[in-house]
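Below you will find the structure I want to go over with you.
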Amino acid sequence: MQFESFSAFLDMGGYGFYVWLSYGVSLALLITLLVGSKISNRNTREQIARQIKREQKLKLAAKQQAQQEVTNES
Amino acid sequence: MWKWLHPYANPEVSYHFTDKIKPWFGWATFLLLSIGFVWALLFAPADYQQGESFRIFYIHVPSAILSAGIYAGMATAALCSLVWQFKLADASVSALAPIGAIFTAIALVTGAAWGKPMWGTWWVWDARLTSELILLFLYLGVIALNNAFDDKQMAGKAAGILALVGVINLPIIKYSVEWWNTLHQGATVSKLGAPAMAAEMYWPFLFCFLGFIGLVGYVTCIRFQTEVISRNKMRPWVRALVCDNNQPEEAK
Amino acid sequence: MAEQSPLIQAKNLTCIREDRILFEHLSFAISPGDIVQVEGPNGAGKTSLLRLLAGLSMPFEGNIFYQEQSIHEQAEHYYQDLLYLGHMPGVKAELTAQENLAFNLAMVGADPELAEDTLANVNLLGFEDATASHLSAGQHRRIALARLWQSQAKVWILDEPFTAIDKQGVASLEQLFVQHAQAGGCVILTTHQDLSLPADLVKKITLSYRFY
Amino acid sequence: MAEQSPLIQAKNLTCIREDRILFEHLSFAISPGDIVQVEGPNGAGKTSLLRLLAGLSMPFEGNIFYQEQSIHEQAEHYYQDLLYLGHMPGVKAELTAQENLAFNLAMVGADPELAEDTLANVNLLGFEDATASHLSAGQHRRIALARLWQSQAKVWILDEPFTAIDKQGVASLEQLFVQHAQAGGCVILTTHQDLSLPADLVKKITLSYRFY
Amino acid sequence: MSATALSYRKTFSLILKRDLTIAFRHKDEMLNPLLFFIIVVTLFPLGIGPETNTLAKIAPGIIWVSSLLATLLSLDRLFKADHNDGSLEQMLISPQPLFIFTLAKICAHWLLTGLPLILVAPLLAVLLHLPEQSYQALFLTLLFGTPVLSFIGAIGAALTVGIKKGGVLLSLIVLPLYIPVLIFATSAIDTASMSLPYGGQLAIIAALFFGTLTLAPFAVGAALKVSTN
Amino acid sequence: MSATALSYRKTFSLILKRDLTIAFRHKDEMLNPLLFFIIVVTLFPLGIGPETNTLAKIAPGIIWVSSLLATLLSLDRLFKADHNDGSLEQMLISPQPLFIFTLAKICAHWLLTGLPLILVAPLLAVLLHLPEQSYQALFLTLLFGTPVLSFIGAIGAALTVGIKKGGVLLSLIVLPLYIPVLIFATSAIDTASMSLPYGGQLAIIAALFFGTLTLAPFAVGAALKVSTN
C-alpha cells in the first residue's frame, strides 16, 4: 500500500485532479461502450421480434381477406 | 488451407461460437481489470520523477497500444471482406470501429491529463500526439460512414473500404507526422525515455493491458452478434433465436 | 418458343428490401422476340426486379442467366447486349439534347453523327441546341428514349418508358418495340398504362403486393 | 354555369419560352365544380400554363383572376385557396412518409395528427416510417398526393398527378376529384392518359404544338 | 373554407424543425459538424508548423477563416435541395409570407454551422494556444458574427439557386461580403489578447448582425422569387 | 450484332469531354475557380494581419490548406450529379470497365480544380510574400500534390454518393487522408525557402501520386458499386 490515508490517496501527491480525471473519464467511456453495446444488442433483438409479430398479424389479415373473398364469390 | 475456416464463414455457426467464448472474455476482463486497477492505484510505486501522476500510465499506454491494434484488426477484416467477399468480415468492421475509437479517445484524454502537470500544457503538436489525434479522426470517419447508411450490409462494406484506404494511409500519416515534427523543430518536449521498467511497475501494467484486451474481446463479441443478427433478420435461425430469447424475458 | 434457347433466364429469384419480401422463388425465361410487361401495383417490386435483371443489384437468393451464363460472371458480355433505362435515365440537364444523345450513342460505339437525325424520331426537331433543363418533362425523357432507335442491344429493359410521353409518342414507341422483338431482341418493360399491342404479342409477369 | 361567378379566369394569356410562342391570347374561365384537363402533346406548354395559373411565373401578356381579383395583387388570399403539385411535388427524400405529410398538413393549418390515417388512403399503410428515398417511384408520389385528401383549398392545380401511379390509385384519385368538384372546388390537371370519368364532367383545354 | 391561417411562429418552427430533422436523421450526426471544425483547424498547425507563438498569433484568423469557409461549404445546399425536389415552389405559393420561410432556413443553417463552431471554440482555442484573455472576445465575436455569415450567405445562395452549376459562383458573390465581419472579428480578438477593450469592434459586428437580421430575409425572399422565375 | 467495343482511350476521352463541356457550358465560368482561390487566399492576410514575415512564414500552409478546402468544396458534386440523374447507373452497366470512367471523372475534376490552382499559384505567392527561392517548390508540390487530392477525394465522394444528406460527412472522411500531402508539401516549400534541397519530400509526393493514380480508380469503382447497391 502506497498511501497513508484515504485523503492522501485522493490527493495523489498533488496530482489528484489529473489522475482521477484520467481514471474517471476512462471508466466512464468504457462503461458507455459496454452498456451501449448491450443496449443496442437488445434493441436489435426487440426490433426483430416486433417485426416478426407485425408480419404475423399482416399474414393473418391477408389470410382472412382471402377467405372473405372466397366466401363472397361463392 | 482455408478449409478449417469454412464453417465459421456461416453466420449461424459463428454466432453460436461467439456466444460460447463471450463469457470467458467477460470473466477474464473482470478479474484482470479489478486486480490491475487496484494494484495500479494503490500498490504500484510512484515514479521517482513524475510522482503519483505516473499512475495514469496504466491506462494511457494500454489504450494507446490497443487503439492502433484494433485498427489493424479492423483493416484485416475489411481486407477479408473485400477480397474473399466474407459477409461476416464487414460485420466485424462495423463492430470494431466504435471500440477502437473509444480507446483512442481514452489515450488522448489520459495523455492530455498527464501532459498538463508534466509539460504544463494540455496539448502540443508533437508527432505522437498528432498521429493519435488523426487516428481518432479516421475512426470517427469510419463510424460516421457506417452509421450514415440505412442498409447494414452496404454500410459495412463502405466502412470497410474506408478502413482499408485508411490503413494504407496510416503508415504514411504516422511517418509524415513524425517527420514533420522533427523538421519544424519547435517547442519539443522531452519525452519520458523508455527505461527498463521495474517489475513492480511492469506487473500491474500487464494486468491492466490484458484486462483491456479481454474487454475488447468481450465487447467485440456483443457488437459482432448485434451486427450478425441485424444483417440476417430474414433468416429463420435468427427469427427462432429472437423468439426464444424474448419469450422468457417477457414472462418475467 | 421451346425450340429457342432463352435469352434471359431467372431462376428462383428472391428479393428482400427493407425487410419486406417483395417476391420469392420467381423463375421465368425470356426468349428472343418476347415483349414482357412486368405488372403490379405501386411498391410491388417491378423496379427492383428490373434492376436485378440489369445486374444493378444483387438478389437475396437466386440467379439470373443471359444466354445460359450468369450475368455477374460475364458482366461485360451481357452489358454489351443490354440497354437499361430506369426512372432517371441519365440525361444531363446542362447539355443540349444533341450533346446528350451523341454522348450516349458514342458510348455504345454508334456514330454520334446520327444524333441529329435520331432526335427527329422523337419529335425533338428544332430542339437540338436547347439545354435539357429547358425542355418540358416529356421532351426531357424523349432525349433518353431516342437511344432506342439506334440501339444494337438485344435486351431492352425499360422502367416506365411512357412516363410523361404523349399518346403519339407512346404509339411510336410501341411500334419500335414490336420491330425490335421481330428482329430477335427482347423488351422487358413496366408501365401502369395498358399497352395497345395485341395481347398475344405481350407476355406478362405479374407481381402482387405482399404485406409481409 | 353562366349564373355562377367563375373561380379562375384567364384573359388573353400569351406565353413565350425560349423565343417560342407556346400559346397566344388564351382566355378561359373555370367555375366551381369544374374538372379541367389541359391537353396537348409534349412541349405544348401545359406545364407552363399551369405554372402561370399558380402564379409561379408571369405571363408575357394577359392576366389571371381569382374570384375576380388579379392573383398577383392578392397573392396571399389566392394561395390560401390553392393547392399546386408540379412535376416535383416537394417530397423530402430524407424524411419519412409520415413526417413529409405531417409537415405539409401543418403548413396549411391542418392537424398533423391526421397524417397517419391519411397515408392509409393512398395505400401507404405500413410505410409510415420508411424514408421517402426508400420507397418506390409510385409510393414516393403518393406521399405528395396524400395531401389532397385533407385539402381545404378550392383550387387544385395538378401537373400529371397520375405519373407512376397504378390503376387502382388512378381510379381513387379520379373519384376524389369528382367529390372535390361537387363540393364546389375546381381541379385543373394535365395527363397523357385518358381520364375514365364521364365526358360531361371533364372540360378540356387543348394546346397544340406550335413550331414557331 | 379557407385554411386556418398559421401564426408566423408556428410556420417558423415547422420549417426549422424539418430542416433540423433532415440534418440529424441519425442522432449521432449531430457530432459531425463539431468534428469537422476540429479537423479543419488541425490542418493549420500541420501546414504551418507547431510553434506555439506563431500559432497563437494567427489563431483568430484561422478560426475565423475556417468558419467562413465552412459556411461557404454548406451554403450551396441551403436552397438547392429544396429547389430540386419542389419544396421551394411549395413555399413560394404558401400563404405565409416568404420571409418567415427564409428566416427559418437561415436559422437552421446557423444552428448547423455557426453554433457547432461556437461550441468547439474553446477546444480550438486550446489546440491553437490562443492567449486566455482572448477567449471571451472569441466567443462574443463568434456569437454575433456567425449569424451574419449565414444571413449574407443565404442571399448569395438564393441568387444562384436556379443556376445548374453554381458552386464557385456562389463563393465569388459571397466571400467579398464576408470581409468586414472577418476584419472586425479578428481585430477584436487581437485587441483582447493585448488586454485592451474591444467594445468598438464588437459593436460594429453586433450592428451588422441586427442589420442583416432585419434585411436579409427580405432580400433572400426577393432573390428566390427572381431566380426561380 | 453486338456493339463495336470502344477502345479504353475513346471512352476515357468521351467522358472527360462531357464533364468539361458541362463545366464550361458558359465560357466565363472558366475563370471562376481562379477567382475563388485568389479570394480565399486574400482572406488570410485580412484575418491574420499584414506583417510580411508572418505571412511569408505561413504562406505554404495557407496555400495548401486553401487548396485542400477548395478541392473539398467541389468533391460533393463529383459523383452526386451523375447519381441523381441516372448517368452513374448507365456507367455501371456499360461494357467498358468502371475504372476508365472513374479515371476520366477524376481527371476532369483535377483539370477544373487542381490546374487552376497551379496557374494562380505564382500570384498567391506574391500576395503572401513567399520567398522567391520557394516558387519552384510550390509549383512542383502543387503539380504532383493536387492530383493526389482529387484521387483520394474521389474515394470519399464515391463512398458517400448514395447517402442523401452527405455534406459534412464527406469532409470527415477525406480530410484526415489529405494530411500526408499537406505535411510533405508544406515542408518541401519550407525547406526550399531555406535554400535546402527538398527532393526527398517531392519524391514522396510523387510516390503518393503514382500510388493513388494506380489504386484510387479501382477503390472508387468498388466504392461506387457498394454505395449504389
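Every chain is named by a letter (A, B, C, D, E and F) in the order it is written, and numbering of its residues begins at 1.
The criterion applied here is as follows: contacts are C-beta pairs under 8 Å (C-beta built on N, C-alpha and C of every residue); 3 or more make two chains touch, one makes a residue touch a chain.
If you're wondering where the values come from, they're calculated on a predicted model, not measured in any experiment.
Among the other chains, C has the CA centre that is most remote from the centre of chain E.
The chain pair with more C-beta contacts between its two chains, of B-E and D-E, is D-E. Using the average of C-alpha coordinates as each chain's centre, B ends up farthest from chain D.
A separation of 45 Å divides the Cα centre of chain D from that of chain F. With centres defined as mean CA coordinates, chain D is found 56 Å away from chain B. Chain F has its Cα centroid 33 Å from the Cα centroid of chain B. Chain C and chain D have CA centres that are 30 Å apart. Among all residues of chain F, those that touch two or more other chains are 22, 25, 84, 164-165, 169, 172, 175-176, 179, 183, 190, 229. Residues of chain A in contact with at least two other chains: 51, 58.
Taken residue by residue, chain B touches two or more other chains at 134, 137, 140, 144, 148, 177, 180, 184, 233, whereas all remaining positions touch fewer. Within the complex, the chain E residues that touch chain B are 26, 28-29, 31-32, 35, 39, 42, 45-46, 49-52, 55, 126-127, 129.
Residues of chain C that touch chain F in their complex: 54-57, 76-77, 79-82, 84, 86-95, 99, 103-104, 106-110, 131, 152-154. Of all residues in chain C, those touching chain D in their complex are 17-18, 40-47, 87, 123, 126-127, 130, 134-139, 142, 160, 162-170, 192-193, 211.
Interface of chain B with chain A (complex): residues 37, 41-46, 51-53, 55-56, 59-60, 63, 98-99, 102, 105-106, 109-110, 113-114, 116-117, 215, 218-219, 222-223, 225-226, 229-230, 233, 238-239, 242-243, 245-246. On the chain E side of its complex with chain D, the touching residues are 1-6, 10-11, 14, 18, 21-22, 25, 84-90, 92-97, 228-229.
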